[in-house]
Amino acid sequence: MAKVVTFGEIMLRLAPPGYLRFVQADSFEATYGGGEANVAVSLANFGVDAAFVTKLPKHEIGQAAVNSLRRFGVDTSWIVRGGDRLGIYFIEKGASQRPSKVIYDRAGSSIATAQKEDFEWDKIFEGAEWFHFTGITPALGPNVAGICVEACKTAKEKGITISCDLNYRKKLWTREQAGRTMSELMKYVDVCIANEEDAEMVFGIRAEDTDISGGKLSHEGYSKVARKLADTFNLSKVAITLRSSISASDNNWAAMLYDGKECFFSKTYPVHIVDRVGGGDSFGAGLIYGLLKGMSAIEALEFAVAASCLKHSIEGDFNHVSVDEVKSLAGGDGSGRVQR
Amino acid sequence: MAKVVTFGEIMLRLAPPGYLRFVQADSFEATYGGGEANVAVSLANFGVDAAFVTKLPKHEIGQAAVNSLRRFGVDTSWIVRGGDRLGIYFIEKGASQRPSKVIYDRAGSSIATAQKEDFEWDKIFEGAEWFHFTGITPALGPNVAGICVEACKTAKEKGITISCDLNYRKKLWTREQAGRTMSELMKYVDVCIANEEDAEMVFGIRAEDTDISGGKLSHEGYSKVARKLADTFNLSKVAITLRSSISASDNNWAAMLYDGKECFFSKTYPVHIVDRVGGGDSFGAGLIYGLLKGMSAIEALEFAVAASCLKHSIEGDFNHVSVDEVKSLAGGDGSGRVQR
Amino acid sequence: MAKVVTFGEIMLRLAPPGYLRFVQADSFEATYGGGEANVAVSLANFGVDAAFVTKLPKHEIGQAAVNSLRRFGVDTSWIVRGGDRLGIYFIEKGASQRPSKVIYDRAGSSIATAQKEDFEWDKIFEGAEWFHFTGITPALGPNVAGICVEACKTAKEKGITISCDLNYRKKLWTREQAGRTMSELMKYVDVCIANEEDAEMVFGIRAEDTDISGGKLSHEGYSKVARKLADTFNLSKVAITLRSSISASDNNWAAMLYDGKECFFSKTYPVHIVDRVGGGDSFGAGLIYGLLKGMSAIEALEFAVAASCLKHSIEGDFNHVSVDEVKSLAGGDGSGRVQR
Amino acid sequence: MAKVVTFGEIMLRLAPPGYLRFVQADSFEATYGGGEANVAVSLANFGVDAAFVTKLPKHEIGQAAVNSLRRFGVDTSWIVRGGDRLGIYFIEKGASQRPSKVIYDRAGSSIATAQKEDFEWDKIFEGAEWFHFTGITPALGPNVAGICVEACKTAKEKGITISCDLNYRKKLWTREQAGRTMSELMKYVDVCIANEEDAEMVFGIRAEDTDISGGKLSHEGYSKVARKLADTFNLSKVAITLRSSISASDNNWAAMLYDGKECFFSKTYPVHIVDRVGGGDSFGAGLIYGLLKGMSAIEALEFAVAASCLKHSIEGDFNHVSVDEVKSLAGGDGSGRVQR
Amino acid sequence: MAKVVTFGEIMLRLAPPGYLRFVQADSFEATYGGGEANVAVSLANFGVDAAFVTKLPKHEIGQAAVNSLRRFGVDTSWIVRGGDRLGIYFIEKGASQRPSKVIYDRAGSSIATAQKEDFEWDKIFEGAEWFHFTGITPALGPNVAGICVEACKTAKEKGITISCDLNYRKKLWTREQAGRTMSELMKYVDVCIANEEDAEMVFGIRAEDTDISGGKLSHEGYSKVARKLADTFNLSKVAITLRSSISASDNNWAAMLYDGKECFFSKTYPVHIVDRVGGGDSFGAGLIYGLLKGMSAIEALEFAVAASCLKHSIEGDFNHVSVDEVKSLAGGDGSGRVQR
Amino acid sequence: MAKVVTFGEIMLRLAPPGYLRFVQADSFEATYGGGEANVAVSLANFGVDAAFVTKLPKHEIGQAAVNSLRRFGVDTSWIVRGGDRLGIYFIEKGASQRPSKVIYDRAGSSIATAQKEDFEWDKIFEGAEWFHFTGITPALGPNVAGICVEACKTAKEKGITISCDLNYRKKLWTREQAGRTMSELMKYVDVCIANEEDAEMVFGIRAEDTDISGGKLSHEGYSKVARKLADTFNLSKVAITLRSSISASDNNWAAMLYDGKECFFSKTYPVHIVDRVGGGDSFGAGLIYGLLKGMSAIEALEFAVAASCLKHSIEGDFNHVSVDEVKSLAGGDGSGRVQR
């Protein structure tokens, strides 16, 4: 199937078992994840030939990160080995009124200190149809932002579709830095994905009459945001995920897609959360899959939302669902009856 | 207390910890279960003298299956040892919109390859008052169906009450095969138990105006199904469990009982699911207990529904609740307040 | 910060993993807890200089109990070592309609057999501003009730504020015994805390028109209870927690505070329960913190309710939340959005 | 097969995982065990019809103790339910030069507070051929010692063989108390089992020229001890286990048997220890089995030593080995090659 | 690097945690393994381009088996999906005098019921230099033996070196069946690997004056066996592993290699066993690596023995060691000092 | 008791469960440790008033490190909070010929980026009798080396005894850097501790005729090393630990102490290793304890060696043993018999 390339950071994810708080933990569950890596695994699980590009230290923990991708069929042959360390993030799972908490320990990672010479984009993109990255990657530092630009340029030259999930991270850069760098990168982007806050944080484009914490998300407001984003950056498509947070245990989950002409709004799923990290990435992967497969805008949107709805019921960053499972939910069966 | 005999297959049940999917699991929780074995354990937990009859391989995994029953007081002295293997089933727990998934690996099990000579029903039924089996057992093969017939005949001769839970399994046989074989067996049955789909699957008797996945269950429809079943097979009682699946995490649970004259409908419990496998079996055990104890139809029904409501909060196939706990819930205390 | 002394029993808490019932467990999670110890840990987590006073056996399990308190910053230097054993309690977590179950094995513990000579209250209270105990401590035996009286007297002489959580335990004493002993102790108490049942159980003061199991809690009724308690025992403040139990998985949680003039009622939180043991203690700690810090009555009440709302999402007896986290929830953010 | 009755205490055994010390543990592995219960399980695993008699509290932890015995086929129908608590012991596994450590918390257990009226020995011994108890049981208190005497008398009247493992526990009674009570009980005993210290501790009969900690065990010395024991108490057989402790990880293990005429010494096994608790009990069970089966003295001795050699490789108090496995080792195959 | 193809069965391996016996286990550690799969993973860990060929069911447990290979870099693109089930084996780890125990549940697996049409050997062998299989594969049934023959023929035509590890399994076939089939296959084999028993079991060629269980392994005897094997089947090389079993915890481990002229004997390693399953496979992989890399006979032998010595310290079937680690041990550093 | 101050880095220690290799791990056991922190915990376990000084980030993982020290009674009130991250180290436990492996991820930690202003040594040393640090601390960077110098100066002025464990880490600095910096610091040191390699690595002082990996340690050689160290740096005492590594599972462990006049050599313990990290630190703590308590040179040495012998049987960096346990072993009881 179509080859998709994603580029970014994969981190060691350390999570206390169950609902233990950090100060109670005597062990951590160790998995691996990161925006673009999550997209690659999702796509590989859909049967897509997905490659993930990054730089990882040569030691065994770096190798374990590679293995976590190979295990699920991601092409890791373009991962460069070297540098000092693997980024780490600690995640404590929230419940009821207690929010999940993430502590990042990613400074100085191999990818954050990577150089342009590390990546041969010309070879990497051979045979590829799609390139995906998120706003986290350029936020790792000007050097990585530079690599992103180079990747985008090469992809553009080769006629590869480019998607970007804005994914603003305030711990990594200021809104000003983000705005400047992302504006530069958006020149190359075809499909832009954002959550209900990103557009405002990065570009100052906000949905009026909307109260995110309170769970009030206005359709009209988001339509305007999408159109404005598309117009500003000459995008072919803009997707916005719409999370309404009732508590750490229960969310409503939906999304919209603007296809340059019309705004489509998906069904809303009431999700009982097992693990919500990677929810946005699973949406991105679903959307890329749908568009690659030639689905209509609303079909692709419903596929993407159903995929990410299912992600909320799966532990870890990665979304382990098949195309059939997503289609079954998108097709209306959300009753959760046992499948024998 | 009254002796009850159940006959069928017990399998090794392998489940990934928590909500992990199969492809994420590096260990399996190992318990044992199967329709009739579940009923036997439930009854033993109610203080009934329950025997479970099956055939199991001689090796230590077969022994562990025996031990899982002895641990909870089931009489295992009639279990025959021999044959090649223990049936296995893998179960992945669903959550929210993601359904639970069961993978069966039961072909070639000791019980599926058992012969009539293996069981001395005359001795087994000595002193027994009740015999219970499910539609899964005859579905294991014509040889096992034959053993079922023999068991039923012997039981009938001895004046033992016979109950059967239809439990249609499409992986084991076609609707035609099931219909033919079950019709033969129903001749001996006094009490028939079914879920909201079984009667249609096995005998083509369906509840009109009912949408199971959507959770619309019509009282009138099920009354008709029960009456038709009773009339067709000359049954003294027909019970139907009524599950309305909101999601893999939340179900509504109720049941009805037709006593040859009237149809009784139980309270409906909104259940937050810990483990829903064995829900139907725990209902069957509750009903048998109630009827054995001489409860009225509505009392026995409410006892059975309350017992199986509690089962949904318990890990594994077996229902570990006492008569007092069931009565407390049936009596109205579902508040779940801590008992000190 | 202000020094608070608490006095009572800390027990080894043994809990089957997850939702396993006692008869299914092959291991127990081992933590430590007890009314006053829980309050001490909560306060230490708020930055208060909290000391816990008790008697514990000299062996390593007794030491582990000490360590569980030191780990979270509680001053354990006044814990007396000696006696025969550590009290134990077994707790099985409920779910849905199945209630949690507690089995106590606390008879003969070091603290239950302690003598007046074991504690030098004069030294212990040096520099303290607040003394807290619960109705469980005097219930351990007349000797311990006597020690309580002595502690209260000494505290009173030093002008230390005294709070008491009624915490009636029917397994430890009769209502008559409780009423007699607690009436004696209430002479010294300034702030009384109770749950929706305690006042009736201990002093026969009940809220009319209220159905606890059914979840009907009347504001007016509780206002009367609080006023009557305050009048009877000359209390400066009375707080009552108001739990409405929908199921073992879902509760509504609120509280009221009577400040001698007015009755304040807090917001009600719908809590999805991770572990509800210690909920009342976390409320007490929150209230003590608020009052020590000079918050207004309603502020202190909302702080206390928010603190204990969060406790319901935390495993074990102890409430591991910071002042900031409590204030954030009390301030209105209960959406549970991930904090990165 | 022959019915054997054993009588004593079964306790909840709480062990930190792996080699963790008590102060490091955040969970305990929960199994059940006790001298006579261990013998009963061993015998049941050998196919013997073994009954264990005790008194246990009615609650679920007491039930779990019953279940732990039923699981392995022990007849628990004579266990009396009542009393306040289940005895507990904590065990920390040693390694290398660090010894294992046991903390007992058994005072006030149901069996320790049992009364003569609790047990109907006449019925219990119906059809029995052998009665076994250890020196721990009478050490629980004069009431329990009295019950032991009664059991012995009844057994003697019925011509049942009686065996006793001296098992001196210094935490339970003084040497003087033990000597007096055990001398009384030895009147009824046919087969006495002791370890390398017991005879001296209880009766002051010691092996000269022997240094137990240093691992020097003199054959001649133990022969004299055995003969003296047999002569003093008119015993038909005396067995002494001979443990030479190199470290907590490595022991040499052997035993001797005096059959009234001759002293036989078994092979010595160098054992690499997985769990050494219950080693002596597994020897006792092996000896009882051998003698019941009519093996010669040396055969029975080698069977018993091989059985208990294997026990040292098995977690928990219980010895889970079959007759075939014991015979294979006794027959010379200690190479530990994989059995496929 | 050079491409190696291996062909055979991979099974789900279910092992109780630690040293628990089967009847004690309430969970199983789930890994995957099988002779030729183990060789493929070893080689992939050495940096070799290793492909494993088999047939696996389409369901998620089959997928997990594929993933277990992909995770460590094995090329799984030639694995055929279909058939009914994945073979399973249960393994209980031995210790001291208690042997490890394996229970096979492999009948009816997808590979055991595979047909010639399933595999396109011509394509599979494209670019390959080496083909490896073991005696287990043809033992799965005449159909699989036939596939082996076809694979060998194709490999031979392409000038690919063929190695075979005799690996006699008495549960799968008789010595007569094995002798007949393996003789046929040996026509194509260049390098034969055997353990200290295989040659006798399969071909009746035995080492005189050798007592395997007793650990007496005669150099002269094995030299004769190797020469006879080489002469009989016109082999270029014969390797024999020499395990001397002191106990389940301690083995001595060595091997010999006959290169058509001379017999070389390796160093002997005293191994303290963590997991000995897959020991022989790790030797085979080491030998293939050494020979592929052009090492001298003694170098290749020492590399192979050191690799498999390390395997004994690693959990699971797979040998996770690097070339550097093997060389370091082969070069003399077996002190096990911490590497920082 | 006497107050001891230690200064250095404490890290999060992440270890795969059991003997799993890094690439097999799906979880890590999380403890905390570091040379000087380990010494502090050991001393606190001996009843010494031990303070540990470092800098840690403000977040919850930093707090968990503080808690790990408080839990065992270490005074953490001088720990400065701030900076970016907590150092981490990954440790994979070796077995048999496979060595343990450590991967450090400590660059950029709060303590490595600390400044002189962070620590008020004058206050910290109030009432202290002893100051201890290791060669790891100055190796963290010139800034930290500078802080060490300042601490040493202040301690010297106050007449506090200073001990230093050379602890050369080649990953942190070159031998030249180490030599230069450590020479400067040794001016203040009274008691120097080294392992069998350190003196050579740091100061080029080596024991002739000694083969560490081979386990040949010459008494004479080490006596010369100790005397030379003492003479060069005007030390009052020099201790050298003597580890002879048979394999990762078995070591011989001993030490020597030069008291300015004589060289004493301890007993040698054959240790079966549970966890050998922190072995040297536990020796240092034992030596400090012995010398503080006024033991003779040989007594202090034997106490220190026995303490660290026991450490090898304990999981994690910390040595959880009491003075009584150490004295019992030093006094000759290494038989590891169960203590009831």
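Each chain carries a letter (A, B, C, D, E and F) given by its place in the written order, and its residues are counted from 1.
Heads up, the rule we're going with is that a contact is a pair of C-beta atoms (placed from the backbone, for glycine too) under 8 Å apart; a residue touches a chain by one contact, two chains touch by 3 or more.
Note that the coordinates shown come from a computational prediction; the quantities given were computed from them, not determined experimentally.
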item: Shared chain contacts [chain D and chain E, defined touch]; value: B, F
item: Chain whose Cα centroid lies at the greatest distance from that of chain C; value: E
item: Most distant chain from chain B by Cα centroid; value: F
item: Equivalent-chain rotation between chain E and chain C, CA atoms, steps of 5 degrees; value: 180
item: Whole-Å gap separating chain B and chain F, where each centre is the average of the chain's CA atoms; value: 62
item: Centre-of-Cα separation between chain C and chain A, whole angstrom; value: 44
item: Shared interface positions of chain E, touching two or more other chains; value: 18, 21, 23, 26, 67, 72, 101
item: All pairs of touching chains, each written as two labels joined by a dash; value: A-B, A-C, A-E, A-F, B-C, B-D, B-E, C-D, C-F, D-E, D-F, E-F
item: Chain D-facing residues of chain C, complex; value: 14, 17, 21-23, 25-31, 59-61, 63-64, 67, 84-86, 88, 90, 92, 101, 103, 105, 107-108
item: Chain D partner contacts - residues on chain F that touch it in the complex; value: 18, 72, 269-274, 309-310, 312-316, 320-321, 325, 329, 333-340
item: Residues of chain F touching chain C in the complex; value: 67-68, 70-73
item: For the chain C and chain B complex, residues of the former touching the latter; value: 18-21, 23-24, 94-102, 104, 169-171, 212-215, 245-250, 276-277
